[in-house]
Every structure is written in structure tokens, then in C-alpha cells.
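After this come two complexes, each holding chain A, first together with chain B and then together with chain C.
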Partner chain A sequence: MSIDMAQFHQVFFEESFEGLDAMESGLLNLDMGDVDDEVINTIFRAAHSIKGGSGTFGFTAVSDFTHVMETLLDEMRDGRRQVTQAAVNVLLGSVDCLREMLTAIQDDSDIDVETVSEHQQALEKELAQGGGALAQPVEVAAEVVEESVDPGASPGWEIAFSPHLGMLRTGNDPVRIFRELSELGDLEVTVDFRGMPSLNEIEPEDCHLSWKLILKGDVQESEINDIFDWVEDECDMAISPLRDENGDYIEAQAIDVEPVVEAVKQQPTPVAAKADAPTDVNKTTKPTVKSDSKSKDNKSSGSIRVDTSKIDTLINMVGELVITQSMLSLVGEHFEINKLDQLKNGLSQLERHTRELQESVMNIRMLPISFVFSRFPRLVHDLSTKLGKKIDLKLVGEQTEVDKTVVELLSDPLVHLVRNSLDHGIEMPAERLAAGKPENGTVILEAYHRGGNIVIEVVDDGKGLDKEKLRAKAIEKGLIEEDAILTDKQTYELIFMPGFSTAEQLTDVSGRGVGMDVVRRNIQTLGGNIEIISELGKGSTISIHLPLTLAILDGQSIAVGDERFIVPLGSIIESLNITDDQVNKVAGKGETFLLRDEYLPIVRMHEIFQVESAQRTNLMDGLVVVVEGQGVRCGLFVDDLLGQQQVVIKSLEANYRKVEGVSGATILGDGSVALILDIPGLVRLSNQ
Partner chain B sequence: MASILAVDDSASMRQMVSFTLKGEGYSVVEAVDGVDALNKAKGQKFDCVVTDVNMPNKDGISLIKELRQLPEYKFTPMLMLTTESGMDKKQEGKAAGATGWIVKPFNPDQLLKTIKKVLG
Partner chain C sequence: MTNETVTTGSVEQFLTFELESEVYGLEILKVQEIRGWEPVRDIPNTPDYIKGALNLRGAIVPIVDLRERFNMTKTDYSPVTVVIVLCVENESGKHVMGIVADAVSDVLDIKLNEIKDSPNLGSKIDTRYMRGMYVTGEKLVMLLNVDKLLDPNEFEGLEGF
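This part shows the complex of A and B:
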């Protein structure tokens, strides 16, 4: 039977990467002085599973490599080997190496053999130092020798088989053994009742019988031994070659030698299986793997693991929906006006269920932020060693859920921020002690929900940002005028400007300040923003605000003439009617209006989007919606406010082209298209 | 057709075992660890149990030991999936009441052959 093993590969990769993450965090959590057995066990199990899976699916390079790791871990687990920092470091390196190997296999590219053998040597070196020796290869070698000196075939064998009393209780049925033997040749079974106790003493679950078996045919002794392999310790058994009439052993004939060799080869011994299975698997699965990786161009797509309870909720909701649908179709079939109430009821139920269904479906895309956070303990461990700093990392709110796309795109910016905190934020231990701070610096990664947003903070208790230095640097770089007046916030935001770096000494850890502007841009493409608060000598906090999902948005629909626009609800501050005396026309700079001592620019929607059907062109007649985006506020002049609703975002860029001031489009209930406004873009547009 | 309980904490192995056996017409129930398996085995009688050894919560050997205590599983064939290096594990498993073992890595054919061996 042929089974396409490639279908299991994706799952294998996923669980292996998860296993590697578990190993990594386990290794990082190991306390040298007091090793937690359960942690070692978890690490061992992960290695063991990867080894088992890779062997089964034909990735021999991986299983060979993991085997060495497993041996090392096994010795640690059994307490035969001390857990040392050196060993942990070697294992951490191996985890990285394995990750690269698996990625290479997944992408169908070549494994970097040199790196692998480097890590393998490091492991073997570690293994050679103290603890038990490599037991397994010796064992295999012994087995091979045993096979090759297998005595010749005999025309038959006599087997004396007397099971121990308890053999049946391990599920070993003598009949099974006889059946298998009979497949090898002609089997004669003679039962021996002599061991049977009398009926009133008999224990029905014990095996009191024994047998004499005569097996005729061209059979190897090892084949018989294989059949009895499982019950070896649960029976007394003797195999002897059949004797001829004279009582001499019947010798194997020379002609038999050829088949003998053949038979040995076909033995399903572990050694043979190991050599055969992988090549087999490779042959049948290679092409499929290729086509898989081709279709997998986009790195961020692929599969997603969903909590079963979420699926259950979903199925529940669909059930409800089906019931509502059948109820409605019943009402509709013979509709009379007195059934109107029933119809309305049904429709409102339908609405509720659809909304709940939508929420559950969206929920499927939500992943805990721990997917991103989990890589940081390792990063901090490695970096702090490299930098010679002592740093404790705290992760808070790891279970906060966020859209899968956000999770994937958040990873790189966050790495950059944490690196910055470690490199530029936290001081050297001596420096910290001198400043009266604890020797160990603390970096906190925290995630929580606020409104429709997720907030992620990187907090450090390092030296903080020096406003004067920032300012001087910005002037030196020509980023601001010498006499520019900046608020504290604006000063801190200087670090997000392209080509800005405050570290006196550049290191290879966080580079040359090409990063922060990129970080901000990445966050902004996700529809979020990034802020920094800092206090000199006490530390800095960088907060990232992101929408929970990129696919759905809470919007306020507004009317301008016949057109409908959607304003992201989160960006609306207030809506008001303005009076004539609030408006202030500035020559060349358009209109502004006074709102609580602040002049805000007015953006006339009907002018920007050239809506000719606009009913209200006089500022006093319509409404002004005050919105904020990336710290800039303005008033949108619109005809009317309509309802609030959740809208599904459709990309305009992918379906049409990028339009300034518009972040996307959506389809409304009546089938018409509404544009979703991009507030910062709109402000820029109106300034031109 | 015979029913089989397949126990493994690794999803890919579990799927492989289950897919292979289902392909031959066996009805297969999957369990993710010993605790899960024990619960499932108590709810339904299986004709055969195939279990991994190293698992969180409850390992394969404890699972076999506990299953053997149940009257319905006194004589049920129970196979463990073990690695070639696990000679002492085999002994430990036998002592716990395992019928036999399948050595990892194995391919679907080897698995089926062994299952047919115990189920006839």
C-alpha cells in the first residue's frame, strides 16, 4: 500500500518548530543550581518527537542530528549527567541549527552541511565529556554481527514453547504466534495439557498449556526468533533443528546459501528498516514537496492553528443560523401580513447570529501575542551575554490575542525595539550600581487591549533619553532648525526621523540608527502608531498602538451628497455644528475654526472628493467631524452623520490603485461602495 | 472492522498512524496523551491500542499499566511506538503489560503488518 507521506509534512514542520521553541524556552529557564526535572523532560520530549517524526518522514539528516541531542538530554534526564551552562549553550546552538535545517527542508533548499557538522561535533564533544558513553551505535553494531553469523537454514525446526502463566495478560495470544509461524512453513502443533490444574483450582486467565511445534520448510532461526520477540521474557522456549531418522541434525545444503543471504537481507530488523525506509519515502514524496513549496510563495500565509473550542463555537453558530434560516423560509413560504411580527423577529435573530458568526470567524484569526514574545527570552539571553550586561526580561500579557497578520508583521519591529533597549537603554552593571540602581536591568514586554486597539509596550529601566543630546544631534544632522521650539514629545520623536542615532558608540547590535524610522513606518502601515516616553536616568517606555485586526474596522459612515464615506471610529474625537464666529479664514492656508482655544483646519469633503451632489456647502449648515490621525487634528466638513457599523476592508490598492486620503473601500448593505478615509493622508491632501 | 486507539503527542505521527489505519478500514480514535487516551478508552472499548512512549501528562507506559487494570482491557493487544535505542523502555513496557512494540522510525507498511499481526 502506498501512502503519500508528504501530506503529513506540513504538520510535522509546524509541530517541530513549536517543539524547538519549547526546547529553547526550556533551556533558557533551566536554573543551573536546581534543575527542574519537568523542564528537562519537556526539552527531551520535544527532541524525541522531532527525531521520531523526522525519521518516519524520511528526513534522515534531521533525525541523525537530533539523535545526538536526545542522547545528551537523556543522560541529563536520568541524572547521569550534570546540567552545565556550557552544555545548555551547545544545546541552544543545536536548536538554532535544527531550525535552519528544518527551514531548509521546508523550502526545498540545501542544508548547510558545514554548520550542521560543526554543531554536531560540539554536541559530540559535550557528550564525550563525562556522563555515559554513546550506547546506541555499539548496540547496532552488535546486532549486525549477530545477523551475519546466523547459522544456516534447516529443513525444519522443533520449537518447545511453554508460556508463563501471565502471558495472556499482556495481550499476547498464542494463536497469533502460531498463525505467523504457519506463514513461514508447514506447522504442526501439539498441545501439552500436563500443566493444567484440576478444574476447581484453575485460574481461567492464566495460561497453563504448553506446546510442541514442528515447523517444516526453508526457514531461518532468526525469523522464528522475530515472531517470539515480544514474548521472549514471558515464556520458556527452545528451538532446535529437526533431526533425521538417525537422530543427526539435518545440515543445510550448499545450494541454500543464495536464498539464505536473500532472507537475511529481507529481515525486518531495525537496521534494515532504518536504511530502507527513508530512501523509499524520499522517492515517493520528493515531487509533492516541491509543488508545496512553490505554491507557498508568500511567507506570511500558510496554515494556522486554531483552538478547538473556537471551532466548536463556530459550528454552534452555524447551527443556529441554519435554524433561523429554516424558520424564515417557513414564514416566507405562506406569508400573510399577520406574520409580520414573526418575520421581524426572525430577521433580528438572523442579524444577531450573523454578527456572532462574524465575530467567531474573526476570532479564528486571533493568536496570542506569545507567538511573538516567545522569541525574546533567547534574544535577551544572547544579547546580554554579548554586551556584558545583566538583564531580566519580563513578559506580561502574553495571552493577549491579536490578528495573525499583525502578529507576523509585528515581530521585526519589536525585535528592533528590544535590541535598542538592551543596547542603548540599559547601562553596564558598574554604571548602574554607581547610579544607585540594581545591578540587573529590567526590560518589560507588555501587551494589553485598550478599546479596539492592542497596545504593546517595551519598558526599560535604563538611562533614558537625554533631551539635550537629542536636540543637539538633530540640529547637527540638520533635521531641525537651531531655534526650533519642540515639546518633550516632539523631542523624543526625533529618534524616529530617518538618519538619527544617539549612541555614542555604534555597535553591531542595533546598528546605525537606520532602524527607528523603518520601525515607525512598519507600524504605520499596520494602521498603528508608536510613541515614546522617557525620563533621563530612569528609563524609557515605547508604546505601540495597533488595531486588533486588519480585516474589519469599526466605522462611522458619513454622507456627502450622494456619496458615503467611512471614517474609522477610533479616529473621531467629536462632531459639532459650528457657528460663523468660530471660522477663521487664513489667506493661502484655507479655513480653520476655533475649538476650545485651538485652531483646527477644516477639510471640505465635497471639495476634496469633488462631490457635485453635495447639499451643504455653507459651513454653518453641515456638520464638522473632528478627527485625529498621527497626532494631527482637523475638522471634516460633511453633510450628515449616518450610522456606526463594522465594515470589511477591501484593498483599493490591490483592486484599483493607491488613492491619497483613502485607505480602502468597503461594500455597504445596499451593495454600494464606500471609501474608507485615511485621516493622516487626508490632512496632507488638504494642506496641498 | 476493528477499532484502534492511536495515542501520540505529536500531531504528525498521530495523523500518519490514523490515516494509514483508516485507509485499511480500521476505525481509529486519536488521543493526544495518556490522560486523554485513558478517558477515551473508558468510554469505548477498543480492539487494539497503539501508543507513543514519551508523552506529557501521562506517558505510554503508565497508560498501558492503567489500561491493563481495566477488565475490558485485560487481554487487548497494546503496542508501543518506541525508538531503536529504547531497549530498556521495551522491558519496562512489557513489565507494564504491553503486548509488543513497533520500532520508530517505521513506515505505514510496517505499521499495518504489525497491526494485522495482532488483530488477525
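This part shows the complex of A and C:
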């Protein structure tokens, strides 16, 4: 049977990356003094799955590399090696390396062989050092292993292999294993069917057989282990060297397999194997379930992991919808006027279900923000070591859900902000103590919902922003005039200007002054904004406000003649009637009006969009909507405000092209199209 | 387009429609649907022949008036005015667009080797958007290259046809 393995690659990569994340967080959580076995087990299992998977798909570089990691982890797991910070660091490095390798394979590019061998050597060196103090009895066990590994000593191997009942269900076929073994040397297979129940009790999917295998030839034990890799956790097996001269040894084993299994087997210990079994069964069954839907997907299309409960809700709702639909069609078939109430009821139900359905479909795109946050413990760990600072990271509100696109685009800006906080915000331990602060600095990453927005805050208790310094720097760089009067807020916003960096000394962490303006631009392309509050000596808070989803927007619909436009509600500051005496003309042309000490340009919508049907051309008759976009304010002159509504954003570019001043289109309740205004674009347009 | 590479006898179907009593044709496989005229939403700062955007079951579809595109006299839209919704493919990708025509007339099976090259009509008339010509009975059908005609990047500066 030949299967196109490529269709499972995507699943393998996803699982591997998840595994790597699990390993990483596990490693970071390891407490040197008191090592939690469960944590080590988790790390080991992840490494093991990656090794197994990559072996199956023929990514030998990955499986070889993981094998070394696994060996190291296995010794830690068995308590034969003490967990040291050095070892953890080497392992962390290997996790990174593995991630790079997998990414390279995924992108069909070449693996950086040098880095890989570097890490592999580091691992092997760590392995060779033999860790810390070894417990005495374990050492003996290790020697036994070594002895049995000795290739020259045995002309062959005897393998006692008794699968657990459920092994066949996980898709493992003993015949495949035997076939592979027979490629290594002469194989004799003896089946033991004493475990078979009678025919009427038999469950055909259970495996009641066990085997005794004798493999003759110059074979390494590890080669055999590799073949049994997949079923390791789903069988009891023992491998022992075949000794012709020692007949009774073989005899003893042949008679009673089980005790020998317990006695001879060293890795993994049967207890551990049993403990692992349930979780691993889950892991191996998962890909088969998922591949059904995934295999049809285009290679380039991104996939998303969705909580099953969300899907269940969706299915329930579709069920309800179908019921309502059949009810309605029944009413419609023989409609009489006395059924009007029934019809109205049905329609209102339909409306409710459609709305719920819409909500839950949107919900599917929502991911917990922990997808972004989870990388920060590692980042902070690495950076604080590098910078010689002591920093505690707190994550709050990791379960807050955001649209998938937002999650993806948020990650880079956030990394930048956290790096900045660590590098420029938090002081060195000595400096902190001198300032009367705790030695350990704190960085808090927090996410929460507020209104239709999600707010993400990066809070640090570092030295804060120095307004005077910011000002001096901005003047020095020629970003502001020397006599410019700035509010506190405006001063802090200076750091978002291109080419601004206050770090006295550039580090390789941050400080090249290319960051913050990019951060702000990224956030703005997501339709959000970013603010800074800071207190000198106490710390800074950077808040990012983002819309929950990019597909739906709160809009204010406005009328200009017969045309309808949507202004994003978030960009409206206020709407007002103005009188002639508020209006000034600059050079007889550009109109501005005075709003609380600020002169704002007036953008006449009917002029820049050439709306012929516009009735109100006198500023007194219409309304001025004050809007703000990317730091630019202006007053839009419109005929009327209509109403607020949530609109679904549709692309105008899909079938047409970009239109200046318009960011997209939407469909109004009556089925007609309305264009969504792009405020910065409008300002640009009116300046032309 | 030349016909030399086309194997003799292969047949394509063309939908023909009328503009100012002239007959035009386009490949029927490009046609997605034909619908009556309904009011559309104006798209600002676009050439006059872009009538606006239509909501086609949730997709925003621009509508092009071919009379205006070809600098013919404008007419008022009547109940028989049709919008032919096409799916065109060009360098900028796949687009769904509608064209306004006076009326849809017929579907013709045209042998490709019977398509004549569009004649050189002098520099005043642009034949870039023509695929060729076909004579049926007494009528001359101008076959359009809609992929080129409806390329959003070509919407500026079309002077004559």
C-alpha cells in the first residue's frame, strides 16, 4: 500500500512545532533544585514524537538530531543524570536548532548543516560528561546497558515481543516490524498464541499474540530499537543478546517471557512505558483524524486549530437553522393569511439563528492571545541572562481571544516592545537596589477586552521615560523645533518618530532607532493605536488598542447626496454644526475651522468624491464630522449622519483595484453597496 | 490574435450582444451570469464608464458601461438593459466584473479558423481589445478580448476604439 506521505507533512510540522513549544516551556519551567518528573516526561515525549514523525517522513537529519536530544533527556528522566542549568541551556539551543531545521524543511530550503552539527556536538559533549553525581545502583544498570550494546559480543539477538491488546488499532502492524527486522539479518519468528481467547470471545481488532524473535547477524541493538520505536509504548518487549554457548539462558527466557521482560528491560522502564501509553495513543491517533480534512487543503493555505466545542456549537446552530428553514418552507407552501403570525415567528427565529451562526463562525477565527504570549518567557529568559538583569515576567489574560490575523501580525511589534522594556526600561540590579526597588524587575504582559477592542499592555517597573531627555534628543535630531511646546503625551509620542533612539549606548538588543515607528505603523495597519504612559523612576506602560476582528467594523454611515459612506467609528472624534464665522480661508482656497484652539482643514466630501447629487454645499447646512487617522485630523463636510452599524468589510480590490480615499466596501441592510472611507487617504486626496 | 496556430475545425461558443445596433461577441466561458440593470453605488474618482459597484451575493463587483467605454452615445438604462457578469483573468489576477449592454442576442458556434483578424483601421481606432471579426449572414460580429478590455490597470487613458 503506498500512501502519499506529503499530505501528512503539514500535520507533522504543526505537531512538531507544538511539541517544540511544549519542550521550550517545559525546559524554562524546570526548577534546578527540585525537578518535576512530569515536566521531564513531557519534554521527553515531545522529543520522542518529533523523532518518530521525522523518521517516518524520511527527515533523517531531524530524527538523528532528536535522537541525541532524546538520549540526554532519557538519562534525565531515569534519574541517571542530574538536571543542570548548562544542560538545560544546551537543550534550549537544540530546540531552536530543531525549529530552524523544521522550518527549513517546510520551506524546502537547505538546512544549515554547520549550526546543526554545532548543536549536536554541544549535546554530545553534554552527554559525554555524564551529568552530575550518579546514583550508585543506576550506574550498574547503565553498565549493563553498555555491555549489551557491545556489538562484537553477540552473534545475534533474541527479542521477546508481546504487544498490548490495542496495538493494532494505532495502525502498527507487527508484520511490518518483522519485515524490517528481516532486512537486518536472519530472522526466526515463533508465535505464541497461548493468549488467544476462544473464537466466540475474540475481538478481531485486539492483538492477543506475542512473538519470540531470533535475529542472527551482526546487528546493533540500537538498530532493533529503532524499528520498535513506534510501538515502544504499546508493547512489552525485551531484547537480549543471543548466546549460543549459554543454552539455558535462552531456555529460561523461552519458558516465561513476562518476568524476563520486567527484568531485562531497561529503557524505557515498563512503568514509564505504561504511564506514557494513554497520552501517546492520543497523539498517534490525532493525525489520522485531522488528515481527513487537511489533506484536501492547499499546501500554502494556513490552517487553524479550533476548539471542538466551538465546532459543536456551530453544528447545533446549523441544525436549528435547518429546522427553521423547513418550518418556513412548510408555512410558505400553503400560505394563508391566518398563518401570518407563524411566518413572522419563523422569520424572527431565522434572524436570530443567522446572527448566532455569524457570531460563532467569527468565533472560529478567534485564537487565545497565548499564541503570541507563549514565546515571551523564553525571550525574557534569554535576554535577561544576556543583559545581566533580573527580570520576572508575568502574563495576564492569556486566554483573551483575538482574530487569527491580528494574532499573527501582533507578534513582531510585541516582541519589539518587550525587548525595549527589558533593554531600556528595567535597570541593572544594583541600580534598582540603589533606587529602593526590589532587585528583580517586573514586566507584565496583559491582554483584556474593552468594548469592541482588545487592549494589550506591556508594563514595566523600570526607570520610565525621561521627558527632558526625550525632548533634548528630538531637538538634537531635528525632529522638533527648539521652542516647540509639547504636552506630556506628545513628548512620549516622540519615541514613535522615525530615526529616534534614546539609548546612550547601542546594544545588539535594541536601540538602532528603527523600531518604534515600525511598531506603530504595524499596529495602525491593523486598525489599532498605541499609547505610552510613563513616570520617571517608576516605569512605563505601553497600551495597544486593537479591533477584535479585521472582518467586521463599527461604522457610522453618512450621507453625501445620494451616496452613502461608512466612516470607521473609532476614527470619529465628534460631529458638529459650524457657523460661517468659524471658517477661515487660507489663501482664498483651503478652508479651515477653529475647534478648541486647533485649526482643522475641512474636507468637502462632495467635492473630492465628485458627488453630483449633493444638495448641501453651504457649510452651514450640513455637518462637519471631525475624524482622526494616523495622527492627522480633519473635518469631513457631509450632508447628514445616518446611523451606526456593524459592517462586514469587503474588498474592493478583489475585483477592481485600490481607490484613493476608500479602504473597502460593505453591503448595507437594503443590499446596496457602501464604501468605507480611509481617513488618511482622504486627507492625502484633499491635499492634492 | 492570429489563427495560424489554431487547429482547423475547433469550435468555440460566443455570446453576442448589441451596442448601438452593432453586434459584439465574447467567449461564453467567461460569462458568469446575465442580469437586468439595477442601480449601483458610484465609485468616486474613477472614469465615467465605471458605473459603480454592485452587490453580487456578497461580492463587490464593478460595472463597466461599454457604450461609454467605446465613446458611443449614452442612453438611459431601460428594463431591457442587461448586465453581463464576466469572470476575466489578467495580469492583476481574476476579477468578476459586469458590462452593460443594450441587449443580449445570441450564442454562436464559431470555428476558430473562420475568425478574421481585426483590420487595421488606422491609428485613430484602437484594436487592442479586439480578438477578431466574424461574419454571420449579413452581420459583422466584433469579437472582444475581455481579459484585456476589463483589466483594471488599463482603465485609464482609453481614447478611442
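Methods note: the second predicted complex is superposed on the first by the 412 of 688 C-alpha atoms of A that agree within 3 Å, B and C clash if a C-alpha of one lies under 4 Å from a C-alpha of the other, contacts with A are read in each partner's own complex, and residues count from 1 in each chain.
Everything below uses one rule, namely that a contact is a pair of C-beta atoms (placed from the backbone, for glycine too) under 8 Å apart; a residue touches a chain by one contact, two chains touch by 3 or more.
Because the structure is a prediction, the values reported are computed rather than measured.
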| item | value |
| --- | --- |
| Which of chain B and chain C A:672 touches, first, second, both or neither | second |
| Of chain B and chain C, the chain that contacts the larger number of chain A residues | B |
| Touching partner for A:63 - first (chain B), second (chain C), both, neither | first |
| Touched partner set for A:172, first chain B, second chain C, both or neither | first |
| Which of chain B and chain C A:51 touches, first, second, both or neither | first |
| Partner chain(s) touched by A:563 [first = chain B, second = chain C, both, neither] | second |
| First, second, both or neither for A:12, with chain B first and chain C second | first |
| Partner chain in contact with A:435 - chain B first, chain C second, else both or neither | neither |
| Residue numbers on chain A that touch chain B, as the complex places them | 1, 3, 5, 7-9, 11-12, 14-15, 42, 44-45, 48-49, 51-53, 55-57, 63, 67, 71, 135-136, 139-140, 168-173, 176, 179-180, 205, 229-230, 233-234, 268, 270, 273-274, 277-278, 280-281 |
| Residue ranges of chain C touching chain A (in the complex, touch as defined) | 39-46, 52-55, 58-62, 92, 95-97, 152-153, 155 |
| Chain B residues touching chain A - in the complex, by the definition given at the top | 9-13, 15-16, 19-20, 23-24, 52, 54-56, 68, 74-78, 81, 83-85, 87, 91, 94, 97-101, 103-110, 112, 117-118, 120 |
| Residues of chain A defined as touching chain C within the complex | 563-564, 608-611, 650-652, 654-657, 659-662, 665, 667, 671-675, 685 |
